[in-house]
Amino acid sequence: MEIYNPKEWIKPVLYWHKADTMRKLFPYLIIAAVFSWGIAFFELEYLKISEKSWVKNITVVHSLLGFALSLLLVFRTNTAYDRWWEARKQWGALVNSCRILAYKLNAMLPQDDKSSRVFFRKSISMYTRALIGHLRSDYTTYMLDDLDHPEIEPDKHRPNQIAGLMFKTIHKLYREGKISSEDYRLVDQELNTLTNVCGACERIKNTPIPKSYISFLKKFIVIYVASLPSGFVFSIGYFVAVAVPFVFYVLASLEIIAESIEDPFGLDQDDLPIEKISGNIKKHVEELIPLQ
Amino acid sequence: MEIYNPKEWIKPVLYWHKADTMRKLFPYLIIAAVFSWGIAFFELEYLKISEKSWVKNITVVHSLLGFALSLLLVFRTNTAYDRWWEARKQWGALVNSCRILAYKLNAMLPQDDKSSRVFFRKSISMYTRALIGHLRSDYTTYMLDDLDHPEIEPDKHRPNQIAGLMFKTIHKLYREGKISSEDYRLVDQELNTLTNVCGACERIKNTPIPKSYISFLKKFIVIYVASLPSGFVFSIGYFVAVAVPFVFYVLASLEIIAESIEDPFGLDQDDLPIEKISGNIKKHVEELIPLQ
Amino acid sequence: MEIYNPKEWIKPVLYWHKADTMRKLFPYLIIAAVFSWGIAFFELEYLKISEKSWVKNITVVHSLLGFALSLLLVFRTNTAYDRWWEARKQWGALVNSCRILAYKLNAMLPQDDKSSRVFFRKSISMYTRALIGHLRSDYTTYMLDDLDHPEIEPDKHRPNQIAGLMFKTIHKLYREGKISSEDYRLVDQELNTLTNVCGACERIKNTPIPKSYISFLKKFIVIYVASLPSGFVFSIGYFVAVAVPFVFYVLASLEIIAESIEDPFGLDQDDLPIEKISGNIKKHVEELIPLQ
Amino acid sequence: MEIYNPKEWIKPVLYWHKADTMRKLFPYLIIAAVFSWGIAFFELEYLKISEKSWVKNITVVHSLLGFALSLLLVFRTNTAYDRWWEARKQWGALVNSCRILAYKLNAMLPQDDKSSRVFFRKSISMYTRALIGHLRSDYTTYMLDDLDHPEIEPDKHRPNQIAGLMFKTIHKLYREGKISSEDYRLVDQELNTLTNVCGACERIKNTPIPKSYISFLKKFIVIYVASLPSGFVFSIGYFVAVAVPFVFYVLASLEIIAESIEDPFGLDQDDLPIEKISGNIKKHVEELIPLQ
Amino acid sequence: MEIYNPKEWIKPVLYWHKADTMRKLFPYLIIAAVFSWGIAFFELEYLKISEKSWVKNITVVHSLLGFALSLLLVFRTNTAYDRWWEARKQWGALVNSCRILAYKLNAMLPQDDKSSRVFFRKSISMYTRALIGHLRSDYTTYMLDDLDHPEIEPDKHRPNQIAGLMFKTIHKLYREGKISSEDYRLVDQELNTLTNVCGACERIKNTPIPKSYISFLKKFIVIYVASLPSGFVFSIGYFVAVAVPFVFYVLASLEIIAESIEDPFGLDQDDLPIEKISGNIKKHVEELIPLQ
């Protein structure tokens, strides 16, 4: 993730990053321009359809449905943003729990129990690293697919294993009376968060928007834009070669932004900086459980 | 559920799966096309209504109400999606609780208490299987119906019985001092989730959107589309036979997608892959409570 | 509540139930039709206003405000639906807590303590029955009214009394050492839910949408529809007698559906089947606390 | 708050209460009417601007922006409603906690500890009264103002003091062994709610919508409405004197309703009946902690 | 933050504060006016494009996309407001927890343990001050940036250190038996809130809206407004020099308000008064833990 100054106006307008929708859509915009120009040429020079023709009014359908399409796309982008923000919240919860775990364990663990101290200092950030690996693996992506994917199935679910190990260690400390029963409970609460965050991130990753919805939306956009020039030609002539690509740019950008943010654990520019977050967790945990 | 690449554009547009709305609506689109053509023919060739006629302007009503209809349908789809997503979240909570239960029980249960280990290893995934059966049974569908359905009433509510049995076993272990009072509390929290998830899924399943709302929406769509050609004929002539089915396709698709996702426990393509989730739970629980 | 098949299209369109908005609005639709026809006759035959008249363009105001009105009404319906769904969720929480209470008490109560078993078996479903009575009484409706209503004030708040009695019994069992302190805590959590659900349902029942909002909305609908025919006459002539009632049907239906679902504890067709839910609770509690 | 029958249509339309927006806006509507008539007269009789003039088409801007304005205002009203409803929920939580506190304390307090019984019976409803006083004081309103307001600063924060005293008493009972440690925890949970509700209500009260947003919205409404007649005159002539005030009525009503409900603790008709709620709490607490 | 009377209408309209969007946008409005006038002059006087030209109808694209743009911007503002309001809620939670901590510690700490009393009296408000410093530092802003910023990295995360110290002190009191295990748990709950609030505020601060979304939105606004005059000239002539800046004012204001409120921890006029809140916490904590 790149931090930017949201108050600038010139830069974002001239912005031409590889994640920018304008760039991603560039080839399609060219196609739309050529296609529109072709339609215009065909209707105006070849068919010489008169202004009286019924073709001219075909745009009434576009204005009738334009609202539904805009609404759908804006909602679509918002749903995607909600997923992205929920993922960020989950990682925020992970940060909080790791910090709380760290300062609690620092106070609770006997001053001389070096090995437990080292263990938790390490295992907390190891959990976050394992979670990143898990969320970026193909296994997570295809976890709920109709088909089985035995070839990508890992040996064991790593985050689960680490959480299990951490709990086991805490339970042992409690059984041995090294930490009190109250301490045990307080630590347990935070450990639960680790597994809950993992489950929530898996959910966001492996459950995309229902396929028939996406398929409908893309069909709608394509038919809408493709049928736009035939009617528009009579109002704006060869300008369709500019106007139609612009309409397509707006509509498709919304869909593309939605696609790029709804799976926030990848390596795209808009994805969550989970590596950075994990690095910060490591740093703060080490600050909070000093080694002597 | 089929995992797809959300970044593709060609495939979804050409997509012709049996769950696709285009396919489901196909017969109705034909009817709409024929009907519109009929109206056009009747008005243009038979009645020969002049352009001056009042019929021509009947579309002002359509543009006045088009916005309300679009808004309603988009909200409708969103409400349905919210139910679908809530169901997914509930199953996510179930996954989390089962995992937490598993690694906690693994640490808590005495190493030599084989029978308890086997019991929980089995009963956790048995619960998820029983829940699937319960959610797909007619009993759940008609649980709140006005009429009684004694013929489909099961002997007992299975998920409740299993949850009750699990709690009883935990309680016994606690009474016998095999697990501490703290352990008892920590396990109990997760057991509650099982019943809460079951109740929430039953709610989503047995409480559809208020009937008068759905009935109103369908009446609105049908009247709206059926009255569309009579006015449109004067702007776009025989093109109504293409334009009106397209409008109907858009409006009805939204309704159909909503219908297909608002009950997410079935076997449709857009339904939640609860069998897969249940299978994953089984696998992970067995990983976390190894048998020796 | 009547369970219906949401995938049907013919039935809902022909649906003519007494709760259907088409039926509720029928007399008003007739009035709107007659009124519109009257305006049309008056303007066309009597005043013979020419097409050039300013009256003709009065509809620009309608299209300017049509969007605001649609938006308001759709939001209105959604707010009402949110209340309805919140009420359903509260009753869902009640179901969950009653089930959890039942299987916990079954495990906790000494096998031979018949009287406690009978007590809780009865009191749980008695609570749900008392809650129904409470929510349907005039007392709840007028709880927060400006005026006092001593004539409908019940002797005591029944659900509170039953919850108090249940807690007292649990507390006594705990004091007497029949259940452990952990058991006491676990049961207490669920008992709290009963009172929380009761409070939330009272809130939904006794706090309608702010009056000035509703009053504004109804004024807006009536003025909007009443002024519609005078301008429309010039576009669609006598068709106003069909078009205006249809516009009114759409707008008023949204308001009527909102009204019918925002108080979900009544006996209307769209109201929540709280009697059924209460019956199910009774059945499941009895299954879970068998009398042996 | 006045309880009304939401199913009535005649009354709300004729409703002319002092809180009604129609009445509040009356003087402004007159001004808008006179102003619009003045513009119409000026343009039609004095300037005699021809139909061809560019002024005529100035309304294209209005239709372009009308949608944004409607959307903004409807969202504005919904945000305000959300605050109002959140405040109601907070007071609902207060009701629940007070009832739960009451029946718990009744069971827990030793039968002969008259003084504690009397203390809690009184202090619970005293808290709610103190909260009302606090929420209606100028101190709360200006708590976060840029300027200091030493003149309205109370000696101490009363709700905090009462909550502190209640906790101290409970803690003393626990220390003295009059209530068990479990009892202490259960009561503590509910006491926390009191302070949480107080903080949430303060938040709603002392943090209005960002000022630049409100200032923008009002500028937008005023410029929009003030520039409406100059273009409208050419479509609807002297009817602007009716149409423009109506447009203003609709837009400003939304803003006024939002203003009136977003601070729900006052004495307006749409404000929450917190006195009534507080009275009900008192009655129910006294029912639940009987004095002998 | 400046407290204002939301019921005033004259002041906000004439309002010309430095945070007002009208003022911020002033130079751009001048540019837009000059640019529009230039286009008008060029098309009308120089090119003398006839009314028949296709340029004239270019506005159909603007009305087609105007809705999508409005919708996007209103949603944008609402998302920003949600962040702002979430931040306010987090600080509200901080206020509540600090108050609860204060009155609990006052009751729990031994009357003669002066040093602990002084410690907590100080450390609670020290935490809030450290949080303000942290949230306003560049470190927090660039915490998740792609680049490392070692030059602004503080020695240690101060809020974490203070929270850790507070927990350590509580844990010591509990170990030494100065407070009971129940007391320990009750205090711990509130201490967790401190760290959770800190994490949530960091999240709001260091995770802006995805950059490609913002970049798209600004491109859309600029292209939309820049292409507006060329078509509008034919409807409203030189009035474009007023109308286009107004359209830009409305669209850009929404974006600017969103930018100004989505990072609520700064020193702008619309930012949250966290200094004031922190001051109030200090005052109330000192009231609740009196020093003798």
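Every chain is named by a letter (A, B, C, D and E) in the order it is written, and numbering of its residues begins at 1.
Here is the rule we use: a contact is a pair of C-beta atoms (placed from the backbone, for glycine too) under 8 Å apart; a residue touches a chain by one contact, two chains touch by 3 or more.
Quick caveat, the model's predicted, so the values are computed rather than measured.
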item	value
For chain A and chain E, chains touching each	none
Chains in simultaneous contact with chain B and chain D	C
Inter-centroid spacing, chain E versus chain D (mean Cα positions, whole Å)	23
Interchain centroid distance [CA atoms averaged], chain B/chain E, Å	36
Shared-contact residues (touching 2 or more other chains) in chain D	63, 67, 71, 181, 185
Going from chain D towards chain E, every chain in order around the ring	D, E, A, B, C
Residues on chain A engaged by chain E in the complex (per definition of touch)	1-4, 6-7, 9, 12-13, 15, 17, 19-22, 59, 62-63, 66-67, 70-71, 73-74, 77-78, 81, 84, 88-89, 92-93, 95-96, 99-100, 102-104, 106-108, 180-182, 185-186, 232, 235-239, 243, 246-247, 250-251, 253-254, 257, 260-261, 269-270, 272-273, 276-277, 280, 284, 287-288
Residues of chain B that touch chain C when the two form their complex	54-55, 57-58, 60-61, 63-65, 67-68, 71-72, 75, 79, 141-146, 156-157, 160-161, 163-164, 167-168, 171-172, 174, 181, 184-185, 188, 192, 195-196, 198-200, 202-203, 206-216, 218-220, 222-223, 259, 262-263
